[in-house]
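Structures for review follow.
Two complexes, one shared chain (chain A), two partners (chain B, chain C).
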Partner chain A sequence: MERKGIVTRFALVSLLVLAVLGVVLPSGARSLVVQIMIFSIFAMGYDICLGYTNQCSLGHSMFFGAGAYGAILSIMSFKLGLIPALGVALVAGFVFAFLLGLICVRLSEAYFVIVTAIISAVFHLLAMDMTWLTGGDDGLSTTIPPVFGLSLYNPYVNYYFVFFFLLVSYLILRRIIGAPLGRIFISIRENPRRAHFLGYNITRYKLIAFVLSGVFGALAGALYTMTMRYASADYFNFYWSVLPIVWCLIGGTGTLAGCWIGVALMSLFQYYVSAWFTHYLLLFGILILIILKVSRRGMLGYFAGRG
Partner chain B sequence: MSGSLLEVTGVSMHFGGLTAVDNVTYTIRSGEVRGIIGPNGAGKTTLFNAITGDLKPSSGKVYLKGEDITGLSPDLICQKGMSRTFQLTYVFPEMTVYECVWVGVYSKARRASTMFFSQADRLKDVADKTMELCRLVGLEEKRDELASNLSYGDQKVLEIAMALSTEPALLLLDEPTQGVGPQEADGIVQLIELLSQRMSILLIEHNIDIILRVCHNLTVLSFGRVIADGSCEEIGRNEEVQRIYLGDITCS
Partner chain C sequence: MPEWLLNVLFLLMNGLIWGLIIALIALGLSLIFGVMGIVNMAHGDLYMVGAVLAFYLIPLLGSFWLALLVVPLIIAVIAAPIERFILRPYEGHHAVTMIATVGISFILQQAALATYGGIPKKMADPWDVTFNLFGVSYPGYRLLIAGISIVILAAIWLFLYRTSYGVLIRASIQDKNMAAAMGIDVNRVLIGTFVLGSVLAAIGGVLAAPITQVFYLMGADVALLAFIVVIIGGLGSLGGTLVAALSLCAIEGVMSAVLNPTLSKAAIFVVMIVILMIRPRGLFGEAEH
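The block that comes next holds the complex of A and B.
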């Protein structure tokens, strides 16, 4: 179908460009793009929640933080390699998302938003307080072990390491959205009550979406930690819960790849505009308003429609 | 005469001090088409909601194929073979006609092995069945249209197709022709007549002509209570029904 074709083409072109950029870019811009790719994974996962099952979570900082600490603690305390550490991070994200999901998923919209926000705020405070485990506000920093003999300290390795996960995440999520599960998600977004009367246990499918999205949040957290070689309690900050919403809204909810635009735009804005204007977020807010005024489905949604 | 498919015994529905459905009892045999009629606010839709799991009956029992389904959730009741449409159209607005029906068909064909990574459109049995349903209700040509772009009448038809997609033994239709033009309404009635040969139907409808055309038996509700129950002829002769509802219409 045509509307889907545009999104797919956009995604393929973006991935191709990203593959080339790793070699071409100067080091400053390259690390910016690495950040963009990590956040894109976070945003795609979030889109499963917001764009495909209409759950506007404000608790995703928890999963980002859980992934970050899952990775750094298993490297620091258990001397695990990079890949096992990633595995631990994903499991941490899974557990956090599953437990939070069990509590929240059955709540109706407003309550869902509030309860996810409150619980993640509690975890932010806990992370700030439990300095023996998390390092609190100062955080923890460590040396990152090499992966398959390649050191992440080499910027090219770091770039393509993250790129690999972006590619894999995109392919997996795209496959799921194209599978029956994706269609069930969309039907639940479109009309939960009707889907319920077609024999689907809404709570269960919302939980699956929530956990899926949490796991990708954790993956992003872990990759961010490995790139920064650092994690702090700040990763549990409310800020990290709001960001994915902004990314998805700008790029287009329910398009999977659309959020990449949002991430890129926001990161570039942060990087370049903040240099000459301290209150750049003010400008960014206005930009968001304009984009959403023109197209309620975000930038990619403007061209492609949803679903 | 075969056994009863749905048994509703003494179902009541209270909302605070208001009794919307009061001690309603009736049965539907398999193959039967039963109409539920009654003035506005008589509790017809509330009764539907109480049967299909949307609301938990305050008292009374509902049995489907002899199995107690009182208070089960809608998804379980649907899986047991009872499917419904809604008074106000209730489709998936941003999905195509094909996808709307597909979701229902897959609900029945659900398997963990195909759920996560199979490509949805490559599941041949689901695709065949979906197409068959689109053809049956006459939406084959419009299958790639978004549901929200359909005319109101077509949306009503789509809703019936979605209700059919889960292969129900009993189909509950809540005013399927309400707000639809006469021509489209006629198409819907023909569809209902066709379906009545395959399954039992419980129909809420205000249009007496349609009721008389498709229903074998009627249950008449007023203020939540059953005031008459019987064949169309019997109901037509019932004086109380004539007084409160039918006026001077008689069955022929």
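The block that comes next holds the complex of A and C.
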């Protein structure tokens, strides 16, 4: 109970701070915070998969990429508005996650991580290869249509647009975790065999969690594209599959809001360290090892566990 | 012989030779997974390190054979502490080992980028002889690769099935706890297996260095193929790994006559998905207890 209280309080305070920050921050820092919020949506979705049903997927770059391309292609090719484009991105994420989930969730843990990694690697290769559709490594860039008469090119609109989706995502996911569905997720994480004996169809619930996290990955991808006005095949890169794991591990798995800390720390780390050190991925690798060594439950899990 | 048949024959042969190299690498991956429960995402990078070392050491030592001997020794010195000090606590937890080895993979890649540079380089054939096969000249070095790979694979088989140390490894694959209870020094088996697996990857790198481009990201493609091979063959099944490596690379080689490299990879990937749908543990994988 104690632990849950800390996490909720943390989430509410962060959301309040974020709501204020949009007005007061200078523009450079504001765009960094926008990025952090987008990645937070991605990380929360991933947490449903990793933290709540114990499925360590290495394929989430695919959903991020699917969302990004779903959004940018429907804006570029079909001249859709912003909201329909978001819808298309979510559907794309859903379809990809559902198909991939059908193949993967019933596999054992080792097969699951390897097969998700293989599938996303193959899609990365395909995305790099099909330049007529994806623009390959150079990517596609476009002008973003306004939403309800407001242009996303206005940094304040952009900030609160993303903030709105962060807020909604958090509320939806929190509601799901609090609902019976979330309880089943947790019971599968804690003891899959016992959950199975209780009569739950584990494969189905794992699939639901997987698809859910895929859809939020796609949402993040779409928002990222809309903010950057750009998408490239690089969004399918393996790196984008590793990042959510690191975010969740730093912040604390199974806490939803905890991964925001991970995202914020990693984004700051990336922003400042990559500026003065070319081989920042080297430090990233060392960081991964240190995180695993210190606490596998993440920072928030660590503090909440002591409280 | 008609032209197209000859063409297919050579593609098949290139595919099989590449398959032998992949078999070495995938065997290491499979062995490490089978004994230690490590999903080694850094395996492709050990292959890359092997190739980079070969790039420097073959001209330096002046002998391909000496390099083939020295590179595995260097890799052994790198791999043993990785197992002992980084991976040991996570062994058996597949997802955690995977994350940890991703970290190691980034470190190895960036270390190679910092020292070797980011530009793909081509090195000279260490054995510059061509054979006349059906009226077409065929590089002798490729045949040499095939020979060396077959010898190493045979040696591994003899080691695993005809020596007492091999019995220890196979016992540890079947049941680690029971093996420990029988008084087997599991510690030594663990380090030994990880080093053996890594050395196999590095040997693959040395053999492949002259026929591909040496590049700090060259491990990614090979790791992808090796993982597909191991999944299709069945995790931890050594025979399955060998069969899958040869047949997949032969298929990929022949398909490259009609498809571009990415599409032939995608085709192999489709094969993997179909096999996984029918047999979730691969062709030769055994059910978990």
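As a working rule, the second predicted complex is superposed on the first by the 288 of 307 C-alpha atoms of A that agree within 3 Å, B and C clash if a C-alpha of one lies under 4 Å from a C-alpha of the other, contacts with A are read in each partner's own complex, and residues count from 1 in each chain.
Keep in mind that, in the parts below, a contact is a pair of C-beta atoms (placed from the backbone, for glycine too) under 8 Å apart; a residue touches a chain by one contact, two chains touch by 3 or more.
Note that the coordinates shown come from a computational prediction; the quantities given were computed from them, not determined experimentally.
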| item | value |
| --- | --- |
| Partner chain in contact with A:L18 - chain B first, chain C second, else both or neither | neither |
| Which superposed partner A:P180 touches (first chain B, second chain C, both, neither) | first |
| Which superposed partner A:V211 touches (first chain B, second chain C, both, neither) | neither |
| Partner chain(s) touched by A:I261 [first = chain B, second = chain C, both, neither] | neither |
| Partner chain(s) touched by A:H196 [first = chain B, second = chain C, both, neither] | first |
| Which superposed partner A:A222 touches (first chain B, second chain C, both, neither) | neither |
| Partner chain(s) touched by A:C56 [first = chain B, second = chain C, both, neither] | second |
| Touch count on chain A, higher of chain B and chain C | C |
| Intersection of chain A interface sets (partners chain B, chain C) | none |
| Partner chain C, residues of chain A touching it in the complex | 56, 58, 103, 106-111, 113-115, 117-119, 121-122, 125-126, 128-129, 238, 242, 245, 249, 279, 281-282, 284-289, 292, 296 |
| Contact footprint of chain A on chain C as seen in their complex | 33, 37, 39, 41, 86, 90, 94-96, 98-100, 102-107, 109-111, 113-114, 220, 224, 227-228, 230-231, 235, 260, 262-263, 265-266, 269, 272-273, 276-277, 280-281, 288 |
| Residues of chain A touching chain B in the complex | 1, 175-176, 178-184, 186-187, 190-191, 193-202, 305-307 |
| Touching residues on chain B, where the partner in the complex is chain A | 52, 54, 73-75, 78-79, 83-84, 86, 90-95, 99-100, 102-104, 106-108, 110, 114-121, 123, 144, 162, 165-166 |
